[in-house]
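Next up, some structures in structure tokens.
One chain, chain A, appears in both complexes that follow, with chain B as partner in the first and chain C in the second.
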Partner chain A sequence: MKKRESRAFVVVGKSEAKVDGRGLVTGRPMFVADVDVSDALVIKMLWSPYAHARIASIDTADAERMPGVACVLTHKNTPATRHTTAGQGFPEPSPYDARMFDTKVRFVGDRVAAVAAETEEVAERALAAIRVEYEELPAVLSIDEARRPGAPIVHDESDATGIYDPSKNVVADVDIDVGDVAVGFGESDLIVETTCETQYAQHTPIETHVVLASLDADDRLVLRTSTQVPFHVRRIVAQTLGIPVHRIRVVKPRIGGGFGVKQEVLLEDVAGWVTLQTRRPALFTLSRREEFTSSRTRHPMRVRVKVGVKKTGLVHAIEMEAVSNTGAYGAHGLTVLANTGSKTLPLYNKAENAHFFGQAVYTNLPVGGAYRGYGATQGYFALETAMDEAAERLGLDPIEFRLRNAIRTGEGSPIFAKLGEGREGVSQTVKSCELERCLEVGAERIGWTSARSKKERRGSWVHGVGMSIMMQGSGIPEIDMGAATIKMNEDGSFNLLVGATDLGTGSDTILAQIAAEVLGVPLAKILVTSSDTDVTPFDVGAYASSTTYVSGMAVQRAAEKVREQILGVAAPMLGVSTERLALRSESVIGEAGASVSLSRVCQRAMYETDQFQIAATASCVPSESPPPFLANFARVAVDTDTGVIKVLHYVAVVDCGVAINPRLAEGQVEGAIVNGIGYALSEEMQFSSRGRVRNPTLFDYKIPGALDIPRIDVVLVDSYEPTGPMGAKSVGEIGINGPIPTIANAIYDAVGVRLRQTPFTPERVLEALQRV
Partner chain B sequence: MDYVRVGSLAELGNALGRDGATLIAGGTDLMVKMRAGSVRPRLLVDISRVDELREVSMHPSGLTIGSAALVAEVLASPTVSTNYPLLATVLRSLGSTQIRNRATLGGNLANASPAADSPLALLAYDARVTLAGAGTERTLPLHEFFLGPGRTALRRGEYIRSIDLPTPRTDWDVFFHKVGRRRALTIAITSVAGLIALRGRAVVDVRVTAGSVAPTPIRLRAVEDLVRRRELDGEQIAAAHATALREVSPIDDVRATALYRRTVTADLVARFLHEASESTPTSP
Partner chain C sequence: MRIHLTVNGTGRTWEVAPGDTLLDVLRREGFAGVKKGCGTGDCGACTVLLNGRAVNACLVLAVKAEGHTVVTIEGVAQGGRLHPVQEAFLEAGAVQCGYCTPGMVLSAVSLLSHNPDPSEAEICEAISGNLCRCTGYVKQIAAIERAAARMRESQ
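And then the complex of A and B:
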């Protein structure tokens, strides 16, 4: 395998400062609401107080008459098009079950009506003046209630499409087979079975959803919005409002985090409609409370894993059954479910028999959506718990057990072809996998052999260590597309225009590094413009761990085309043919030291001879999705008096191919681990018996603080992915899958109990210890 | 809404006589409630600049803390850390640095949350509060000040002037443990504090307090009476554990169940006594 030595990179592989870092830390106006919004109407939404009800009547006359109210929107005066809010490739794999405003509400926090007014206070008062009569319906508030025969039907409307079986509340159904698991289990020497459940959790980006709608001089609708998917926003808003795509421009400025929750069109349709109706700019911002109750969440799941293992320590059969709660609408319902299998099972490719099946079901609870990890997180909890148990029962060290069973370079898995983005997948062979090295480095860092099974006690605290492994993907093969345009300026700088969406990840920076590497210029000479549908080429957006691999490859190809054009101009200047030229240090270098500067080349092309704009556009639709790999290790302390878990040390060793920017790659993993520790230990949306979120504030929904975070070592191992741009794979999502199984396995090592329901609150730990 | 910042006790007395007057010190409880709309004061009387309310002073009969003294100021006082280490320990876990730089002891008491931190130490040290009003002043033991969640003995027009702690024993060992969903900026699911003076294994004196397990922060007097002047052995600790289980009356809420609170509070009481008898503090 070619390793890094195959290229001596100049800009790639360096921890360059973020290209937008200076503006961000000096507080320049870069976010959606940082522009002058003083003349904008303020939009406020009336949310459903019921989990399930029909709107019998709605009277907005008093609200409309109030001074300062510009308009009131309800199901009576807005388009009725069914669509999905999920920003995915077209046609979307999510059902068309949402309407701007419906005659029925399906969860506490569903849309009822919107007011646009001069001020927030007026808007609030107008909301209070809207009189709604509801006919309350029986609600389904859990997976089991949704599946009960005769259960109330969440989507009984006749115009919804793409729902697997609305009469049974089933949004999606997946069932794929490799070999025959029944036979496989029969041939196995050991069977391990476990069922794990995960909770409702919210992404809590520091910036909640926000959009500013306005009209430009040509009366086109401009949506300045906090989104991960600007091109999907344009398409879905056009579809929902019934206006042509060319009448909409979507601008994505800097974004204060997304983690998947902004892969969704939640506000733009309403803000756009208000602006089209009133011809006034309109600002719509979710409060933190609304972000919890009415935006999107991680699909809670119940995942059962059954593993059959031979005496040789080889996994022979795996069955995984997943039931996902998609809440009141089916956004990402099918694809998150499918990823629970497709992103986990190929890891254990020695199993000749595999079966993945499951359903996503509707409930009258908040809506699931895309959330970093995208189903894999839920799947790995059960899978890596089962593998830990299997290793133990075989008397094998869990690391050794993983080494015997995990996929390796040069190998494939039939699952890759069987299961993709809610449909058949794409066959592939893994071309880079340094999992063995990841395990080796991680075991050493955590002190595995000296700490394992020691159950060291200090008073009521007991220590343990645990581990887990995982893979993810890099984009969605044969579906995702990214494109990039590069044009040259006469001082030897370049504009890089990408539809790829930097939401704080640093993707603008690494895309610029790739361009700079190809073009032989320092990073400062690449001027990045990202995500403006009028200006930048198409990109599906920031999701599925795709930006580095897919958009990065588009940038590399565009830069290569531009390089060819530059060499073509320079060749007559240096009097040699293009094959003998190279780009280095902002110059075209010929033989024997002859060179010409890039600015001279561009001046010639712009002003002098055979004039043309040096520029190119290139696209990438990947034909595979190379998985990054991760080995996790954690040392935890369990307080057997109180059930409190303290993570003492976390080690994450990652194979993400070549890290284009090592510091940013580490940052992605660190952030994901912190996010995952919160999900493992404290974050949980709780509901009343009537489906109301009981803790929709950061006061009661506990994300980790600095004191909760242990020392985290992120190690990037040397790796090179031959199909990736500059040898890179993805790194954005994988880290979040680690903490739950790793901490659970460490708790088991310490106190001998397996936790099967997240989060591992003090109370659940004591329950598992059978103390309460 | 009106706002006045008073500069002296006399001005404060006048302002409090006005209709709908509400005191504000650090505002870390009040502003949260105002933003949520659950409190709508007509007149805010800001006491944060009244010097007389900010003193922290040691005198022959003990310590006096002005009600508007910041938690951070109390923590910075060497007198407090030397003579009242349990108070310092407890206050270090109140909120975060930012909160401690605004929050006051008077606000923490007047807010009367069953989960508040400072009362655990103050009750253990037998604190008294001085309440002043239009021309009146009275003092009462802190445990008589708390009447229920959000309810205190303060009458209309009255304010907390100071908190007084008697001179403490010099041989107290201290214990404090707060269980929350995370380590900083967290509301206690349950918390236990204790003071204990031992001669060998014999308990000379003991104080045990608990938060979030009753309508107000409480002293566990039955536990105290059980172990005072007894030898601390396994049997005695088990009896204290059983007594603690009975002495608390927690509820279910969004943070935890009553059952969990009861169990863990009793466990923490046992841990306190056990650590004292072994003189080994527990840490992960």
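And then the complex of A and C:
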């Protein structure tokens, strides 16, 4: 790993250990289910065995009579409010197509009924005693079936809202234009067109979804839950259950990974309703199997890209058409689709003509949701495959081709304004882009010039190298909001209260580093409390690569306000005006070395003169979303006998602005790349002909283990984003977009076949090899 | 039925049902650092040391622990002093969400107790049963190498 030169920062830019690390390595009870749950009811769900059926009748009498059963929930005794489970800002861009329990089931794994009982065994027996009569309906199990005229309609209910065209199973439709692509293609000297398809994949956080509901002394509902979006959980549960927001408190303790799947309100409504009905604490945990079948997935997509290039090597026109399978409910359907274009096409801003269009369609399969990369991952497969092909046909090195066409500092793209989070976007100019440097460093690390096009053969194995580039964003401009409160204690420490949601990313740590930097104290003097809706200010939560940039800026502003207050108290103590004072080394420093300690300042404010609490709250709603950039390189080996792909070396060079904590930033990229390698090579949810997940275990759904990873080099290049807190941009998502196109392009370099369907399993590779 | 075992150096007598796994019982008795990620032996989050060997507690019936010695993550630090593996995990940035960490640390402790100078391949083999979705393993492998070096130096 490259060591970054420290700037003028003292705490920022340092690889401080995580503020919650000590508790985590010693196994302290920090997660949802680690508290005493011995008096909690256990909730179990009866899931639909059919892909599409009406519930003709449901008889719960036997189950309710069983000793130890506290309650049974069905569509008959629960609120019928249509809502979305997608934890997004209000009003959510996802359709209101879900009910707590519905009279129709829409995928194998949809909710039918829930039991709350004294023990898991009793709950399981009670589930078995529920008698349900289903009227099975014809199901749609693919994008093509869903779009066929006369196809069964997944959402035929009259009370759903926000669906683009329910009669055609279309959740969302996007169509934006820049210039005129038809003219643009006509003016181009070379046309390349490719269609790539991605599979159903699951996030597999090692901690599955879990919530503990209870009542506090005032009978308010307390939801201790594994979520990325505590404030959205509070709002959506209030809406779904028909109770006021102020009667709910949501607490997020440590959570065992999210990757987007916990940007969803999946369990909290049921656990909350059980607790309100029974006045008992209730624990609802998804099993690993249920996490696969009934939580959320990455939207599978078919993406067609057509690129028109001039002889000069400049891309003149790009068209991207995406069709997304959102499964049985439309959670994130519109926004993931829109991001497939909005987070990819601005990268090639030399194209004067661009067209993005597509649809998200319902099927009777598991539900798509937010997943790290959020549509960009799917889009980059097709886009970077097409660019690789275009470079080859022009006889240009793919790196050179990218350099000629990629966006640079000081440039914009009309796509930024045309296409945003499911609606119009926000115009912006890129103020930091070190992509050229990323390419240079990455090419050198992988040994590009010596390895490219060599097709080096060892027995049946052939080696190749490939590359790709990408961008993402930093939060959703003019929508996302983060807020922070800082208050001072008399020993010169500070409480930092943030709504931002650390899901393992280290955001508590980097937000504390930002505060420490402004306030001139070591990290240990910043005490972080995050994600408790009763205590911390609002934050939309951890998604869209927003936390460092958006919540980080809120922290910086709050700290600056507190600094002003401190200087105001210190000025009379030192006998100089505030503008001549600085905060450093836990003291206010005046001219000629005069200083007063922070603890003295706070003691004066608390106990002595003009007393007040030194504290401030600040918010940030960003007006732009500066993209981080990434250059990927991979060296792979293809076994031409068996079709097995081995990634030998992966290099990711990132421009994320100033890395507030370089080691944590590297960790974000390393983890995202390995997740992406799994998505590229082995991870795939498989379905029976009736829509049942055939491999809902970590044995049959293969995520990478320590023996499966290549050598990975992550390099953070020096960069500074002028609009970001301390010069930072985001880094959370971008890495996961890299492996698919990079490995695909490396396979092409090795054996001359283009793979257009993920994952690149030995069967698919062999089949492709046999076609040439 | 009743079982007697030693957990983190302390003798315990617990009432268990025949079908209870060691994971169920440890968590019920307050050893919350033992995590459940699958219940089928695929993820390794519930790794504990049984007579010094790393095992998946979800695959061990509690009754099979009768008379044996169990170490959970709560028993790895001694008197508030972190084990070198724990220290190295903190320093190397090997912890992200921390859910796989207890199991990963125990697999590493087990490895280093019988192989003080493991190769990278041996480290990967030793933690191959512990799935992590956050880190990509890079910094965990580095942390175990760092811990091994430090333990060798201090001997």
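As a convention for this text, the second predicted complex is superposed on the first by the 763 of 772 C-alpha atoms of A that agree within 3 Å, B and C clash if a C-alpha of one lies under 4 Å from a C-alpha of the other, contacts with A are read in each partner's own complex, and residues count from 1 in each chain.
The working rule: a residue touches a chain if its C-beta (ideal position, glycine included) is under 8 Å from a C-beta of that chain, and two chains touch if they have at least 3 such contacts.
As the structure is a prediction and not an experimental result, all values here were calculated from the model.
Novice: Clash or fit: chain B against chain C, after overlaying the two structures on chain A?
Specialist: fit
Novice: Determine, under the contact definition given at the top, whether A:L707 touches first (chain B), second (chain C), both, or neither.
Specialist: A:L707: touches chain B and chain C.
Novice: After lining up the shared chain so the two structures overlap, which partner does A:K646 touch, if you call chain B first and chain C second: first, second, both or neither?
Specialist: The first partner, chain B, only.
Novice: With the two complexes superposed on chain A, say which partner A:G671 touches: chain B (first), chain C (second), both, or neither.
Specialist: second
Novice: Which holds for A:T208: it touches chain B only (first), chain C only (second), both, or neither?
Specialist: Only chain C; A:T208 stays clear of chain B.
Novice: Does the superposition put A:N695 against chain B (first), chain C (second), both, or neither?
Specialist: Touch partner of A:N695: chain B, not chain C.
Novice: Could you let me know whether more residues of chain A are touched by chain B or by chain C?
Specialist: More residues of chain A are touched by C.
Novice: Is A:L766 touching the first partner chain B, the second partner chain C, both, or neither of them?
Specialist: In the superposed model, A:L766 contacts chain B only, not chain C.
Novice: Check the superposed model and tell me the shortest C-alpha distance between chain B and chain C, rounded to whole Å.
Specialist: For chain B and chain C in the superposition, the minimum C-alpha gap reads 6 Å.
Novice: Which chain A residues come up in both lists, the one for chain B and the one for chain C?
Specialist: Common to the two interfaces on chain A: residues 699, 704-707.
Novice: Write out the stretch or stretches of chain A touching chain C in their complex.
Specialist: 15, 17-18, 20-31, 33-35, 38, 203-208, 254-257, 259, 287-288, 503-506, 663-664, 666-667, 670-675, 697-699, 703-707, 709, 712, 714
Novice: Write out the stretch or stretches of chain C touching chain A in their complex.
Specialist: Its residues touching chain A are 28, 31-35, 37-40, 42-43, 45, 72-74, 76-77, 82, 86, 89-93, 95-102, 105, 123-125, 127-141.
Novice: Under the definition above, what is the set of chain A residues touching chain B in their complex?
Specialist: 458-461, 463, 637, 639, 641-644, 646, 648, 681-682, 686, 694-695, 699-700, 702, 704-708, 761-763, 766, 771-772
Novice: In their shared complex, at which residues does chain B touch chain A?
Specialist: 96, 177, 179-187, 189, 254-257, 259-260, 263-264, 267-268, 270-271, 275, 280-284
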